[in-house]
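We call the chains A, B, C and D, going by the order they appear; numbering starts again at 1 in every chain.
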Amino acid sequence: MSVTYIDAIREAQEKLLRDDPRVFLYGQDIAGFGGAFKATKGLADQFPNRVFDAPISEDAMIGMAVGAAIEGMRPIVEMQFADFSSVAFNQIINQAATHFYRTGIPIPITVRLPSGGTPGSGPFHSQSMEGIYAQYPGLVVLTPATVSDAYHMLLDGVALDDPVIYCEHKFLYRWLKAKSINGDHLPIGQARITRPGKHASVVTYSAMVHEAVRAAERLAQDGWEIEVVDLRSVKPLDLDTILASVARTGRLLAVGEAFPWGGVTAEVIARVTEEGFHLLDAPPQRLNARDTPVPYHPKLWAAHRPTPESICEALRKLLSF
Amino acid sequence: MLRARILENKLSSLYKAGKIVGGVYLGRGQEAVSASLGTSLIQGTDFFAPLIRDQAGRTAFGEPLIDCTRTYLGSVLGPMRGRDGNIHRGRPSMGMPAMISHLGAQVPVVAGMLFAKRLQGTLAGRVGATCIGDGATSTGAFHEGINLAAIEKLPLVVVVANNQFAYSTPNSRQFACVDLIEKARGYGIGGFSVDGTDLLASASVISEAVRRAREGGGPQMVVARLLRLSGHGEHDDGSYVTTDIRSGHYGRDCIEVAMRQLVENGFASVDEIIKWQEQIVEEVQRAVAQAQQEPVPDPYHEDWTALATRFPLSQPITPSNAQ
Amino acid sequence: MLRARILENKLSSLYKAGKIVGGVYLGRGQEAVSASLGTSLIQGTDFFAPLIRDQAGRTAFGEPLIDCTRTYLGSVLGPMRGRDGNIHRGRPSMGMPAMISHLGAQVPVVAGMLFAKRLQGTLAGRVGATCIGDGATSTGAFHEGINLAAIEKLPLVVVVANNQFAYSTPNSRQFACVDLIEKARGYGIGGFSVDGTDLLASASVISEAVRRAREGGGPQMVVARLLRLSGHGEHDDGSYVTTDIRSGHYGRDCIEVAMRQLVENGFASVDEIIKWQEQIVEEVQRAVAQAQQEPVPDPYHEDWTALATRFPLSQPITPSNAQ
Amino acid sequence: MSVTYIDAIREAQEKLLRDDPRVFLYGQDIAGFGGAFKATKGLADQFPNRVFDAPISEDAMIGMAVGAAIEGMRPIVEMQFADFSSVAFNQIINQAATHFYRTGIPIPITVRLPSGGTPGSGPFHSQSMEGIYAQYPGLVVLTPATVSDAYHMLLDGVALDDPVIYCEHKFLYRWLKAKSINGDHLPIGQARITRPGKHASVVTYSAMVHEAVRAAERLAQDGWEIEVVDLRSVKPLDLDTILASVARTGRLLAVGEAFPWGGVTAEVIARVTEEGFHLLDAPPQRLNARDTPVPYHPKLWAAHRPTPESICEALRKLLSF
């Protein structure tokens, strides 16, 4: 038997509803219908009056979750797609994110963002917003790349007292399978060495971890040992693990699926060069999506995001310094 | 509307055959309303911001079939050149904006197009229209957009297709008023209700709303009651729609109603309708065939820039058509 | 409300003397409405999300004077510890959320507080209330929040203080309906109108709205018509308010009206009122004096973190009060 | 006679209204009242039916401007404070920013964002959002630091065919004065060497340019020659000028007033280390605001943002490598 990434998300929510009476789910079409991606399938039946269909009012959905959190609940809000959180932006960054600092009352809400590109989804159903939310003080931003992380990080995220932006990658939903949901369980804020190596470090997260591993496998055929670091959470960022990896390899490539200006890859490189400049044997490199909206046609989409090929190319350049 | 139905049936079977790029969202059951709006508008003068279930309105407004098939079949010659898809397609320069997915967001855009015409002194006789679902009335964008249009007294027509569901979510989880039309008064705009499965009724009510807007009566809202006769998209079987609802009054097929109305009122004979049908099937086939043999987008020929300006600039620019 | 007026007059003169940290936004002219709401609520049971002109409601709800003076005068002992200011202050754990500036944003928050109580089985007999201006009715947040509360049939009371202006912008540039109360029907909620310069009328209408919400009648909207008797903030002279409007019915001072009502109805004698006034002046002086001698925030003692969690975590955490 | 930064913004709008019939102004309280900061004072009288009071509907304000731009207008939208653009976020990043790429029809709107901190303004009237908007393809993000730039960049920005996010710093409004509005006029996308130097480069923008210059003046007393680079536009970013400066000095400090995760300073450092690693004689450093909402009390606020003191301290550290 195998579990998929989306199974893990569903299982985590089931466990949370079972174990913690403060948890409830709120989102469009998540009750009877089980959600656009079926991440809440069956939960409304199992937990009557704990799973609610929301109106198409993302801003109010978050505002309402904040209010419920003030009164002691732990809401999990599903955005139908990460892209639609743009209309909830204000409540997320100004209400939820500032509340603890301003008042001392924590806001333990979890916002599930079905993120990232899939072929044929286009500019408004493909966005990766982790680098936007991570800019804001007061938010924790999680980007699980494995089935077990999808499970444990949702459990851990809901247990945190802070508002959590949980970026789940749609491409991984059904494509990514594991034998068990119970893999290696690291605390939030700690990165993982997904694949050890010694010639260069690829620091990445979410779906790009798998593309990076593929690239590493290809380069292994030429004798290169590429280390792949999975950030797991982009805020907080585990600089220690990144620096330790760069110390081993001397070379850094940061890979992300988001737009190329700023974002996670820039933050990784700025932090590493500030604190670990002497560890670097070559200029640190970045690989992101292109600087256009995510295109609709699969042929364009495939050329818009980093791929094993483009990661290999970037690594070869990095290794040639 | 017949054209739209036949075209969409074709898209549906192409989807099932795995030939479509992206998703397929149909307007089945909503053609009477959408077509009534499209035919009430004048291409070249009016603005029309179609939404996902407006194939019939698009066709009636004058969108060529080939724009549709090119987009669904991934031809690079389509209006969006592979950059955006299917239901998002538009031709803003021809008065038909290209929607973004975020529901409600087109309402202020149409208002702005009209506002521009007022400033340019060419608003008279013009209207702008958009359709929207029951679910989208819950968005802040809808509220702000209509309110802004009402303040500016713009000739905006918003047709709310209340198909009783937003994806799987029933009206009871979407709003608490008895009928959505009660919102019109709260915005200080005109309001009309109509049975959206009835073509003649829809055409007369919607054209009246368009007329009022055109004549300076400010924004108008039409709420059409009907039922989506397909899933939310073709990936969805719509099993949350109970048989009760399906077999109720709004479960009837507006196309069948329309045919009957056309025949009964002597607008067309059954033979004529069958002939139209055959013609349309052929047109659709042609448009599909043409799009299928056209090139798909090529990443190597993409310019991969989202900006109209080509930086770096060697000197400060001066506006191109400032006077 | 008298307390609020005297307090705010003091704040205004402190502002003019340069003693206040940040801006000063007064509720002058709106005290009757705000106080009526505050007194209709029960601290410890109900929720109240005050906005910028709700000093009177805050006081009536039970906020201690010192919370106010500490915030305005920059004491670190105030509820916001110097991190946020003046009108934003709140004590969410005591049922009084701390507003963010973005208008309309508190509506869904109060709805969520009530929603939590329903899930916890302790909603019965409770209400949540917030005030909002005419201008804020144009926000998407207001629309989405009220609609959500209406769907969930939550005991939410929204008091719209229509003071005819949003900053300098008159109602005519803010909405097009004849009266804002017409929006209530469009949301499917209860609606009340009242002359907000009349304390007795306001108290009776608002307490009735609160009662209906408390008894399960779902959300209630009260629109109070009045005029702000100061600038938008103390930096603003409000010169855009014409003398016509100022000298009209709503230009009358609700405090004077209230005093007259109290005396005429035998609730209090003129002497008593004068005595109250003296008492309050003294209380205010004391609260100001106390706050003024308290320490201001010290950046070296700030922990400079916006998170409740202290990272790094050495191991996965388990929820603290899960059962 | 002297002109202030806000005078320049007003003058630019007056000139635009006079010269270009496609320009109109839309914003809350900007007509008769002349705007919360008086940036449009008198313009409604001078240009009847070209300056409009908007309802409190930021999302619709931008949507409406996009529609007007499709039909050939060049709207300038004033947000009362940058912070309130969070409720217009969707129309800015998804409607305006993607439109040209998707349809080939440009959206020449200019969104004026009164940005940055001032004492006593607090978490919701102090934000610097340039690093948020710059992440999005399809937007041009301008951050003028001088009176003349405030003027010319507004003129130039409105002349661009793309949506422009014009971040004007509230602290500079009345504090910053110049003899003439007509200073050195560089094209958009080009950075400026505000103060030449040879020991280290401070790359910054907006109000922080002035704090950096103050820091440079202090260090000059100890014989250090600090070069200050004013980015002027954060997207596009003028990497050539930055690299040339780093080539001269070998040392880089990026300073910004925004939150410390990601943003302009991270992008600057990531770009410099990627392309100019060999130019660096020391680890590039960053200085941003602290990772909390902008605090209200002036004492906290002053310690939250970079100051001449903290810039000096960062520079001394940089110079000591």
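Simple rule for what comes next: a contact is a pair of C-beta atoms (placed from the backbone, for glycine too) under 8 Å apart; a residue touches a chain by one contact, two chains touch by 3 or more.
Please read all numbers here as calculations on a predicted model, not as lab measurements.
For A-B, the matching interface among the pairs B-D, C-D or A-C, defined by over half of the contact pairs being the same residue numbers, is C-D.
When every chain is reduced to the mean of its CA atoms, the largest separation from subunit C belongs to B.
Simply put, of A-C and C-D, more C-beta pairs touch at A-C.
Centres computed as Cα averages put subunit A at a distance of 39 Å from subunit C. Here the CA centre of subunit B is 43 Å from the CA centre of subunit C. Separating the CA-averaged centres of subunit A and subunit D is a span of 30 Å.
Distance from the subunit C centre to the subunit D centre is 35 Å, each centre being the mean of its Cα atoms. Counting partners per residue, subunit C has 80, 83-84, 88, 100-102, 138-141, 144, 147-148, 151, 173-175, 305-306 as the residues that reach two or more other chains. For subunit A, residues that reach two or more other chains under the stated contact definition are 54-55, 57, 59, 83, 86-87, 90, 94, 97-98, 101-102, 123-124, 137-138, 290-293. Taken as a contact graph, the chains are fully connected, with every chain touching every other chain. Residue ranges on subunit B touching subunit A, taken from their complex, read 21-23, 74, 76, 80, 82-85, 88, 100-104, 135-136, 138-141, 166-169, 173-175, 240, 296-299, 302, 304-306. Touching subunit B in their complex are the following residues of subunit D: 19-22, 24, 49-50, 54-55, 57, 59-75, 87, 90-91, 94-95, 97-106, 137-138, 140, 152, 156, 158-162, 185-190, 236, 238, 240. Within the complex formed with subunit C, the subunit D residues making contact are 28-29, 32-33, 36, 53-57, 59, 81, 83-84, 86-87, 120-125, 290-293, 295-300, 302-304.
Across the complex, subunit B meets subunit D through its residues 79-81, 83-84, 88, 90-93, 97-98, 100-102, 105-117, 119-120, 140-141, 144-145, 147-148, 151, 305-309, 311-323.
The touching residues of subunit B, when paired with subunit C in their complex, are 138-144, 147-148, 150-151, 153, 172-178, 182-189, 218.
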